[in-house]
Structure formats: C-alpha cells, structure tokens
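If you scroll down you'll find the structure; I have some questions about it.
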Amino acid sequence: MSLSKSAMTTTILEAKENRGTTWAAIAEATGLHEVYVTSACYGMNHLEGDQADKLATFLGLGPEVSQALQAFPHKTWDKTIPTDPVIYRFYEAINVYGDTMKALIHEKFGDGIMSAIDFTMDIDKVEDPKGDRVKITWNGKFLPYKSW
Amino acid sequence: MSLSKSAMTTTILEAKENRGTTWAAIAEATGLHEVYVTSACYGMNHLEGDQADKLATFLGLGPEVSQALQAFPHKTWDKTIPTDPVIYRFYEAINVYGDTMKALIHEKFGDGIMSAIDFTMDIDKVEDPKGDRVKITWNGKFLPYKSW
Amino acid sequence: MSLSKSAMTTTILEAKENRGTTWAAIAEATGLHEVYVTSACYGMNHLEGDQADKLATFLGLGPEVSQALQAFPHKTWDKTIPTDPVIYRFYEAINVYGDTMKALIHEKFGDGIMSAIDFTMDIDKVEDPKGDRVKITWNGKFLPYKSW
Amino acid sequence: MSLSKSAMTTTILEAKENRGTTWAAIAEATGLHEVYVTSACYGMNHLEGDQADKLATFLGLGPEVSQALQAFPHKTWDKTIPTDPVIYRFYEAINVYGDTMKALIHEKFGDGIMSAIDFTMDIDKVEDPKGDRVKITWNGKFLPYKSW
Amino acid sequence: MSLSKSAMTTTILEAKENRGTTWAAIAEATGLHEVYVTSACYGMNHLEGDQADKLATFLGLGPEVSQALQAFPHKTWDKTIPTDPVIYRFYEAINVYGDTMKALIHEKFGDGIMSAIDFTMDIDKVEDPKGDRVKITWNGKFLPYKSW
Amino acid sequence: MSLSKSAMTTTILEAKENRGTTWAAIAEATGLHEVYVTSACYGMNHLEGDQADKLATFLGLGPEVSQALQAFPHKTWDKTIPTDPVIYRFYEAINVYGDTMKALIHEKFGDGIMSAIDFTMDIDKVEDPKGDRVKITWNGKFLPYKSW
Amino acid sequence: MSLSKSAMTTTILEAKENRGTTWAAIAEATGLHEVYVTSACYGMNHLEGDQADKLATFLGLGPEVSQALQAFPHKTWDKTIPTDPVIYRFYEAINVYGDTMKALIHEKFGDGIMSAIDFTMDIDKVEDPKGDRVKITWNGKFLPYKSW
Amino acid sequence: MSLSKSAMTTTILEAKENRGTTWAAIAEATGLHEVYVTSACYGMNHLEGDQADKLATFLGLGPEVSQALQAFPHKTWDKTIPTDPVIYRFYEAINVYGDTMKALIHEKFGDGIMSAIDFTMDIDKVEDPKGDRVKITWNGKFLPYKSW
Amino acid sequence: MSLSKSAMTTTILEAKENRGTTWAAIAEATGLHEVYVTSACYGMNHLEGDQADKLATFLGLGPEVSQALQAFPHKTWDKTIPTDPVIYRFYEAINVYGDTMKALIHEKFGDGIMSAIDFTMDIDKVEDPKGDRVKITWNGKFLPYKSW
Amino acid sequence: MSLSKSAMTTTILEAKENRGTTWAAIAEATGLHEVYVTSACYGMNHLEGDQADKLATFLGLGPEVSQALQAFPHKTWDKTIPTDPVIYRFYEAINVYGDTMKALIHEKFGDGIMSAIDFTMDIDKVEDPKGDRVKITWNGKFLPYKSW
C-alpha cells in the first residue's frame, strides 16, 4: 500500500533522529539544496526518482518512502494564521511590510508579482557578537501583468 | 488637529505622485533604507524627528505630516489572508516552507526564533535574460528560548 | 486630488450607463480585449497611458480617470466566499472540480500550476436551441515546480 | 459493507498508480470525458451502472467500487479558501475577474447565471515555445432570471 | 446621479410607509407576484422598464427609482448565519432538514438539484383555531446532473 | 452498548440500500410522513417506541436501532455554509429572499416568526413538459411577539 | 424622514441621561415591564402605538421616536461571541451549561425547546451580606417536537 | 489508565439509560442540585470525593468514574454558535437582550458583572393550561468594577 | 450632545499630545493608578465624578469629557487575534502558557479562576545592562468553583 | 518509536496523578522554575538532556519521555479564543487592557515590544482575608524598534 505524504514525513523524521543526521547531510547525500530537500521531506515538494532513491537509501528506508517522495504534493496547511512563534513572526513580517514590498517591487519592476513557483530560498546564519542573525533570502522570478 | 497615520499615508502618496518622485529618492533624501522609509510612510514604523522633518520637507508637506511620521504606530491589517497576488505569494511561501524554515533555523541555531523587531529587509532586482528576478532578504536577530 | 480605484469605477459605470454604451464598444475603442478592459474599469488591472486616455476620451471623462486607470491596483475582495449567484457558481465549480483540474494538469504537464498572472480569458455566447450557453476560456502559462 | 466515497477514491488512486495507467486511459475505457470520469473518481459526480462497471473492471477492482461510483455524491470540501497553489490560482482568478465575468455575462445574455450543473469542462495543453499553456474551457447553460 | 440599490430600498420603504400602502397593493399595481416585487424593492431582483415605471408612479417616486429597479442586482448579504429570528428559523430548517431534502429529491428525481434561479415562491397565511400558520411554497426547476 | 445517532444512520442507509427499498416505503411501513421519517433516520428527529420498532423491523434491524431512533437528538451540522449544491441553493434562497419573507410575514401576521419546531414539510414532484419541478412546502405555526 | 432604530436608541439614551431618569421610571410611565421596554429602546422589540406615544412623551421626544419604536425590528448583532464581560459571562454560562439545560428540559418536558419568542425575563437584585446577587429569570413556553 | 472526561460522560449516560434512572434521582442520591450534578456528568464541573463515590456507586460504576468526576475540568465547546435549537434559543436570547441585561444590571447595581463562577441555576416546569413553560433562574454574585 | 467613548479617547489623546504631558502625570493629577486611568481614557473603565473632573481639568477639557469618562463602558475590540506586535506577544503568551497557568492555579488554589474584574495591574521598567525588561504584574481575586 | 509531545503530556500527567506528586515537587526535582517545567510537560518548551532525564526519573518514566521532553516543540493551540474560564479571563484582560499596556510600555521605553521569547513568569498565591489573590508576573526583555 502506498504511503501518504504525512506518514512519509513521520517516517523520515524518525529515521533522521535515530541516525543522528542532519538536513545538511541529507542535502549533501542527495545533491539538492537543503531548503528544497527539507521541504520535500515535509511533503511540500516532490523529488525526481533518483533523488528520492538516494534520500531513502541514505536514511535506510524502503522504496515506499522513495515513491512517496516522488508523488506530486497537495499543499495544505491547517492554520490560516500560524501559531508557532517561528512561523508567526514571518506571517507578521509579511503583513507589516506587505504594502512596502508591493510598492518597491512595483517601483523596481512595474506591475507584477514575485513567483512563488519559480522560486528558491536560502537560510543562513550570520555570526554577530551582539547576537547571531538569521538571514533568509527569497529569490523568485518576476511575473509581469500584461494587457491583452 | 493631528493627522491619523492613514491620512498621513494618503497625503504622502499623493505628494509623491504629484512630484513624480520615487521611494529611492525619498530614501536618499532622508538617509534611511528604502524599505524602512517606505514602511514608515505606510504607517508601519515611526521616524525620528529629524528624519521625519527631512521627509516632509522633501515632499513639500507641512509639520503635521512630520508629526504623524513620528507617532508610534498601532500595526494593523484587515485581511487575515492577504488577497493581493503580490502579498498572497509571500503568504503562500511562508505556509509552504514554514516547517522547513523552522527545521533549518533549529538545526543551525537551536530552539528559538528570528526576531521580527530587530529586523531589516532588502528588496533587489536581479537581472536575468530568462526573466528578471525579485530577491528579498530578511535579516533578523536570533532569539533563543532558554530554560529558567 | 487623485481618484481612488473605487471612485473611478463608479464614475466609469455611470458614464457608460448615461451614454448607453457597452463593454464591447469600450474594448473596440481602446483596442483591448473586452475582458481585460472591463477588469481594468473594475479596478483589477491597470492600463497603459494611451489606452487609459482613449478610454477616458471615449466616455467623455477627464484626465483623473485616465490617471486612475494607470495606477497599479491593490487587488482586494470582501467576501471570502462570493454571495452573488453568478460568481458563487464559479466558486462552486472550482471546489467541485479542484482535485480533478489538479490531477489532469499534473497528468498533462507534470508538477506545476497554471499562472493567474500570465493569463487571458474569453467569455463567449454559444447559441443553442435548448438554451444558450456561456463559454468561459481560461488560458494561463504553465509554471513548473523544479527541484534545486 | 458499502464503500464510502473517500475510501473509493483511495482505492482507485492506488489501483491507478499500481497499474501505471492514466486518466486519459480510464476515460477511453469508460467512454466518458476525462474531466467527468476523474471527478467521479474523486467522489464529486456519480456514474451510471455500466460506466461504473467498466471503470472497476479496467482497474481490476471489485463490485463495491462500482457501487460506490454509482452513489449520488454529497459534494463537500474542507477549505473555504483552497491552499494548494494549483487550485488557489483558480480561486484568485474568480475573485479578481468576478465582477468582470458578471458584467460581461449580463451584457451578452441579460440578467442570469451560468449553470454549474448543466456544465462541462475541457482541460487542454497548448504547446508554446515561450512555455506551454493550460487552457481550461467551461461551458454551462445560461439560466435567466425571470420576473413572475 | 444614479441611485444605488440600497438607497433605492430606503426610498421605497419610506414612501410605502408614508402612503400607508402594502406589498399586496404594490404587487397589484405592477401586475407582479408580491414575493417577486418585494424582493425587487429590497434590491434582490430587477424589474423590466414598464414594471419599474408603474411601481415608481404608484409610490409617487421619480425616474431614478425606476432606473434603479431595472439595474441587474449584485446579490449580497452581510451575515453568513442570519441573526434575525424570522430568517434564522429558515436557516435552521435547511440545516436540520438538509440531508432529508437532498435524499428525497434524489429519490423522486435522480441526481440533481432544485434551481434557485428558475424559481418562484408563495407565502400564505393559513388560518387555524390553534394558531395561524405560515405556509411557504418553493417551486424550482429540477436540474439533473448528466455524465458527459 | 447503545448506538450513536451517526452509527444508526449508517446502519439504516446500508440496510435500505441492501434491501433496495425507498423512503416512501419506509414512510408507509411506519405510518409517518416521508419527510419526518427520513429526518429521523438522519438523526434529526426522534421516533416514538412503536414507530421506531416498526422501522427497525421493516429493515430487518435489531432493537439497538429502534432505541437509537427514540433518543432525543442533539441537532448539529458541520458547515455553517452548506457546500453540497442541493443544500446550498436553499441557503442561497433564504439569503436572497430573507428580507422579503420577513416583510411579507410581518404584513400578513404582524410582528413574529414562523416556528421551526411546530413545523411540517412536503416535497413534491410537479411534472412539467419544460422540465419537472421540485415543490417544497413549509408549514409552521406563527409565533407572535407580544409586549409584557 | 423616518428614524432608524439605531438613531432612535441614541436619541432615547441621550434624553434619558439628560433628564436623569431610569429604566424603572420609563417602565412605570409606559405600564410595561422594565426588561421589555428597555429592549424596545435598544431596538430589539417594538411597542404598540399608545405605549410608544407614552414613552416619547415621558422623555419629551417627538412623534418620529414613537413611530420608530413601533417599527418591527430586524434583530441583529455584530459579535458572534460577545466581548463585553457582562454579556460574555452569559455566553459562557450557556456553553458551560448548554448540555445540562438540554438534558433537564428533556427530562422534565420531553423532546422540545424553550421558546425565545413567547418569552419573558426578570432581572432582580438579591441583597446578600456576602455580596449582592444578580438573579435573572427566563420564562418561555415549552414547544414540543411532534412526529407527523 | 485514567478516564477522560468525555469517556466518563459516555459511560455515565449509558449507565443512566440502562438503569432507567433520571437526573433527579442522581441528584437525590448524591445530595447535590440536579443542575450541578448534571453539569459534572457532562464534564463541566468537578465533584468532591464523597459526592463522586456516591454517584459512581448509585450507577454501579467503578472508581475510575469517581476519579474522573473529581478531576478539575478544562471547559471547552466546539461550536462558537450553538446549532441545537434548545441551546441556540438561549444564545439568541442573550444577544437580543444583551444590551438590556447590561443596562438593567448597571442601573440596579452600578458598573460590574454577574459572576459565572459564583453562580447557581434552577430549571423548573411551570404548568400552564395554554402550554407548560420552562423557567430558568440564574443567580450569580455581582462583581463590581472598582477604580484603583 | 453627549460624547461617545471613542470621541472622548481621541479628544484626550490629542490634548495629552498638545500639552506634552504623560500618563504618569495624569495618574498623579487624578490620584489614580496609571494603568487604571489610562484604561479609562481608552474607554475601557469608568471614573467617578471627581476623578473625571480632575482629569478633564488637568487636560483643559470641558465637562462633556468628564461626563464621558463617567459613563459605564461597553467593552469591545475589533480583532479576535490582535495584530499589533506589542499586544500579539501577550496573546501568544497566554496561549503558550495557558495550560500551565491553569494547572498551577489549580495546584495552588483548587478549582477556580483569577477574576478579571476584581483585578489590578502594574507595568514596570526593570533596568538591566543586558537590555531593560518589561515587568507586568496581574493581581486578581481567586474565585473558587463550589458545588451546590 | 519516538513519542509525540501530546502522548508525552498524557503520560506525564498520568504518572504525576498516580504518584500523587505536584508541579512544585517536579520543579524541585529538576532544579527548574515551576512555570517553565510545567510548560515543558505540556509540550510548550523543551528541556536540556539532564533536566529531562531527571524529570523522567522522578516520575519513574522511560527514556522515550526524556527524549520527547528534549524535542523542540511546534507550539500550537486549537482555539483562537480560549473557552476555559481560567484562560479566557487572561484573553479578556489583554483585550481590555491591550491599548493601555501598549501606551504605557511606549511611555516608559519608547517604541518597541516586550519579548515573549526572552521571557519568564511567576504565579503566586497572595493570602488575603477578603479572599486570596492570584498574582501573575510577566518579565520580558524590551525589544526596541530601530530605524535603519
């Protein structure tokens, strides 16, 4: 029987914990960016066949995990407003700075949006004596509105 | 009578349009980052007295605009889920990648969050022959949870 | 003083009614598709300067209407579930057929979405002796998810 | 014991995946349009007895699947606003273009609606060197409001 | 300037009260059913030109009221769950008896719905010594789902 | 162990389907109106002991079904706005015609409501060459508001 | 021009405050129960003509207030969950004790409800050395569900 | 293993039904008011040890039921607006009469609220030839707001 | 005409800003705690006559402000989840620590609650070389649940 | 298999009850503050390895409980508005006093917030002959907004 995305995530997280490995190591083993591969393990992106096989092998998991990683996800979330403070702060930032981001994108590019599909992300640690800093970089294709 | 933040925003946007100026020019005139100064004009941050005065002067506006820019804002938004496609795509990204960002921040930093207060942002245009790209960089202090 | 998008819509609808003209005629006068130009008049898309001028001229309206048509819209709606039966039926269809559309797009194209930005629409009347039919055609660029 | 629509869907999707078949092949085997037959497999439409039998036979499934396909569905969905980006973009489009579609239907047909019951849909791939396009065609009977 | 549907309703209700007339009399003066004409006065249906003129004349109102009555309405309501007890009891009844109505319509007609567009309603008083009774009759065309 | 109302409904629907019987036949066997008896089987009304016994006997079910039918129901529904098109159309009608029904009830009866408790319903098929029609009749006691 | 219920309430509250009078005095002047007359002044019940005239006279207000008091109210409230602590505590009590009240009403009366229409209320002060107590008495007709 | 409050309620209701006993008899057996003891059985209040033991003994249930009755409840409900008509009518009454109850409490007591904690309730049957009446009496300590 | 609480708040905030005074000074002038007097100025508590007069006099405002301060407030808020980061953090804390606060109150006091009516609050600045700290102290009477 | 946070909480609460121990004793055994350790047991904070081991040992629980206590929590809650009266009163207080707390924090510290991350809490019992009082002290680092 095929594995649901959510059962797949549970299986992967448990194997990762038992092996004491990291997302960085999983990314290296699969040749993928750590953000992308983590999102696939959380069921929010799919992997190609060889990527999925490498990941399952690395964690000592069977072909049903590889198959589940290859399935195209139905992206869903339960909370319209996130509750966990890590995620809520991002939600807060896009609402506090939403009009600002829109205004500056329009000033720099014209009318259009940043794609959330043709899109990559980096998450970096910036060491700082006053307290380390989280640096998140979003990079998405600009999609212009065109009249027709 | 003092000016509300929302009346202030309307006044500034109208002056900016009439003068044909840009957020970049406003940022330069005030010596502030364009993201910060734009957010202040949208009523989501406050300016110090001299910054506010410079901004009002640059746009040919009176002291009541400077005073309104200095008021500490009550940050509020109407839509719990944004409707405008520019802003919705950010909302989508934080929900699609929420667990991923949380997992990687925890892996790199331990238990804690990225501050949305001790926080800066850049919005850049990356030229690309296949289509220009929007690059958004968030930089927030890591705040650890500590037992007590 | 500049005209808000919603005041602009009211002004245009009133002028259109007073002149007894049609969206088809407005489309012809501006050289734009009737769906696009109607959506711009409802404040959901912007027009280029010459298009906006033609439209204002055609309806006998002033430059403030042309200027409002050129502003980049903040797309917003009040009802998360539409109430008007015309629009509700579309809402119902995307929920009844949502999984189906997703499955068939994935079968034909792979993992990805139909863009709502690089997107056009036609609305046609198909005469039928058993009762005329409404034909709505959506045409959007396929945006693939790619691993990175 | 009879099979619920949701258990039916799970069974069919698993059989489809195990056999490596497609919605197109299922449509051909049953003599039905691929949109209709897919929606029936997702529990959103019912099939007639012979259609349901052909479908179950084609996938090597038993009579309880055929019976479940023939049951009249209770159409339901969990999210009032869809989260998956494929489906959300349709939701966005009907809100961005809702007033426009209503205005043009009224201009072409008079006061009334497009039926979501006497309704068919096509989903096509339009090849394009600048990127293939998804073409969705909705075709519903116009239902006029009449005074009485 | 044209009259909004809601200003039209206020004007009509005030004229009706001042003249001490009734919906029954308005229905008779316009040759329309009292339910239909009342719903038009509340902005939920439109009238044809001669019907609207008769209504405005009967209430001693001007042509802008006739014109507003002829406009195609955007049907909208504020409360997703009605609060007024008269209307809430109907809401309660459709939820208590929803599955029942669906089951019996399917048993008598097959898979399909009662149209809310090709639809009429009567509201009658049934005298009864134990307490008069309200009789509401809904009559809508059956619209079958058909496979394609 | 006693049977919950929802397990009771599942059991009854399965027995009804297996025996190939109808709501009309169940109504006849119990001497009750088909609307009432159907609503009891869906767990929205209770039956008296002898009525419940007759129903269980007719469907070949045991005393735990009779007992469950006699329990006083806790009336509950999951969706504040129904999604199934059959039921949604009723919801739409009470919102489109809510003010109208209220106005006409007040005109005919004075201030008060139609009871949803002292209440009966009929669902009839009206044959019509242009398409059969669903006729739903609600009959509820008028309850006046009285000052005190 | 006629007075809306909400303008009527504002007018009455202001007159009551200016005259330094009480609800008890208003009740006495009109011969009505203080709960009923207060609810009418808040726009939640209507008065008969002579009662309304007495009330307007007592407060020195004009005939438009009397007329507004006689209008049949559209009962509406803004908060689905009350925020004011006085009213929230009642909301809390009906949720904490809801199943209990239902169970005891069914035990004492059989299946049915307490009417909220044929309904009176008293609010009394019970002096108590340990702290005075609020006593609220609801008295509503029992309406039985009957099979048909 | 300890028993959850909701499993406890199911167990008690089943025992009560099997023994054919009543809330009145349970109240008598435990020496508690029927409202209080019923609310404890529905998991909305706790009992003291001897009260809980008496109740379990009376219904022939084990010590795990007594223990569950003694646990301090987490009071929770699923519906922000009740659906069952018995409970909805109370919800309606507190919204229709909310401002009235607040105004009269303030007139009789000053600024403050009725406690929902130091609170008792009676539910009585008042026989009446025109139809029996439900009488509900709430008695809560007045808690004044005091400046500090 | 009497002043609404919200107009009163606007008037007071403007006077406070124009005079360059502080909440601390207002508290001193009125002899009240700064938290209480601030909450009264925001319309969430009432003042006694002499307190209100002192406050109005101190800010150079008229008797209508004093009168508005004495009115018993209807406490209301617009956002069920606060958006401003200052207030949201409190909301987050009561949800993160809600079960904890409940468990420890029950352990220390037994079953019952902390009153939000018989309640005072302090807000203090604790200087700290690593960054000053906000100290908020809530002090509310314990209200026990008692069986009856 | 690893233990979920919610299974961990159930296990701990059951062990605590069976052993008849208290949060105070657990705090003492682990050398942590009672608020922090309770929140960790409710799954809202994590413990360090040795703290978690001590806690599990004290309650006679296995290493899987220690491991679950060390996992970084995903903080989540089900009710956007708490229903339990203990927690609701806190929710009410932050809404009644939200603007007040914001105003006084701004007056004492400038523009910024109280951190909910660098944050501690005390819950104390203050004995009082007029009724004991609950004293809750929140202590969070002030985080200033700074322009950039």
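Lettered A, B, C, D, E, F, G, H, I and J in written order, each chain numbered from 1.
By definition in this document, a residue touches a chain if its C-beta (ideal position, glycine included) is under 8 Å from a C-beta of that chain, and two chains touch if they have at least 3 such contacts.
Note that the coordinates shown come from a computational prediction; the quantities given were computed from them, not determined experimentally.
Counting hops only between chains that touch, chain G reaches chain J in a minimum of 1.
Over half of the residue-numbered contact pairs of G-J are shared by just one pair in B-C, A-I or A-J, which is A-I.
Chain B and chain J have Cα centroids separated by 32 Å.
Averaged C-alpha coordinates put the centre of chain D at 48 Å from the centre of chain H.
For this pair, chain C with chain F, the centres built from the Cα atoms lie 42 Å apart.
Residue positions of chain E with contacts to 2 or more other chains are 74-75, 77, 80-81, 83-85, 92, 95-96, 99, 102, 106, 113, 115-118, 143. Of all possible chain pairs, the ones that touch are A-B, A-C, A-D, A-I, A-J, B-C, B-D, B-I, B-J, C-D, C-E, C-F, D-E, D-F, E-F, E-G, E-H, F-G, F-H, G-H, G-I, G-J, H-I, H-J, I-J. Of all residues in chain G, those touching chain J in their complex are 81, 83, 85, 88, 92, 95-96.
Listing the residues of chain A that touch chain B in their complex gives 22-24, 34-35, 38-39, 42, 44, 75, 77, 80-82, 84-87, 89-105, 107-109, 113-116, 118-119, 121, 123, 125-126, 128, 130-143.
Here chain G touches chain I in the complex through residues 14, 17, 79, 81, 83-85, going by the rule given at the top. Contact residues of chain D toward chain E in the complex are 32-33, 36, 40, 45-48, 51, 72, 74, 102, 106, 110-113, 115, 117-118, 120, 143-148. In the complex of the two chains, the chain D residues touching chain F come out as 1-2, 74-77, 80, 116-117.
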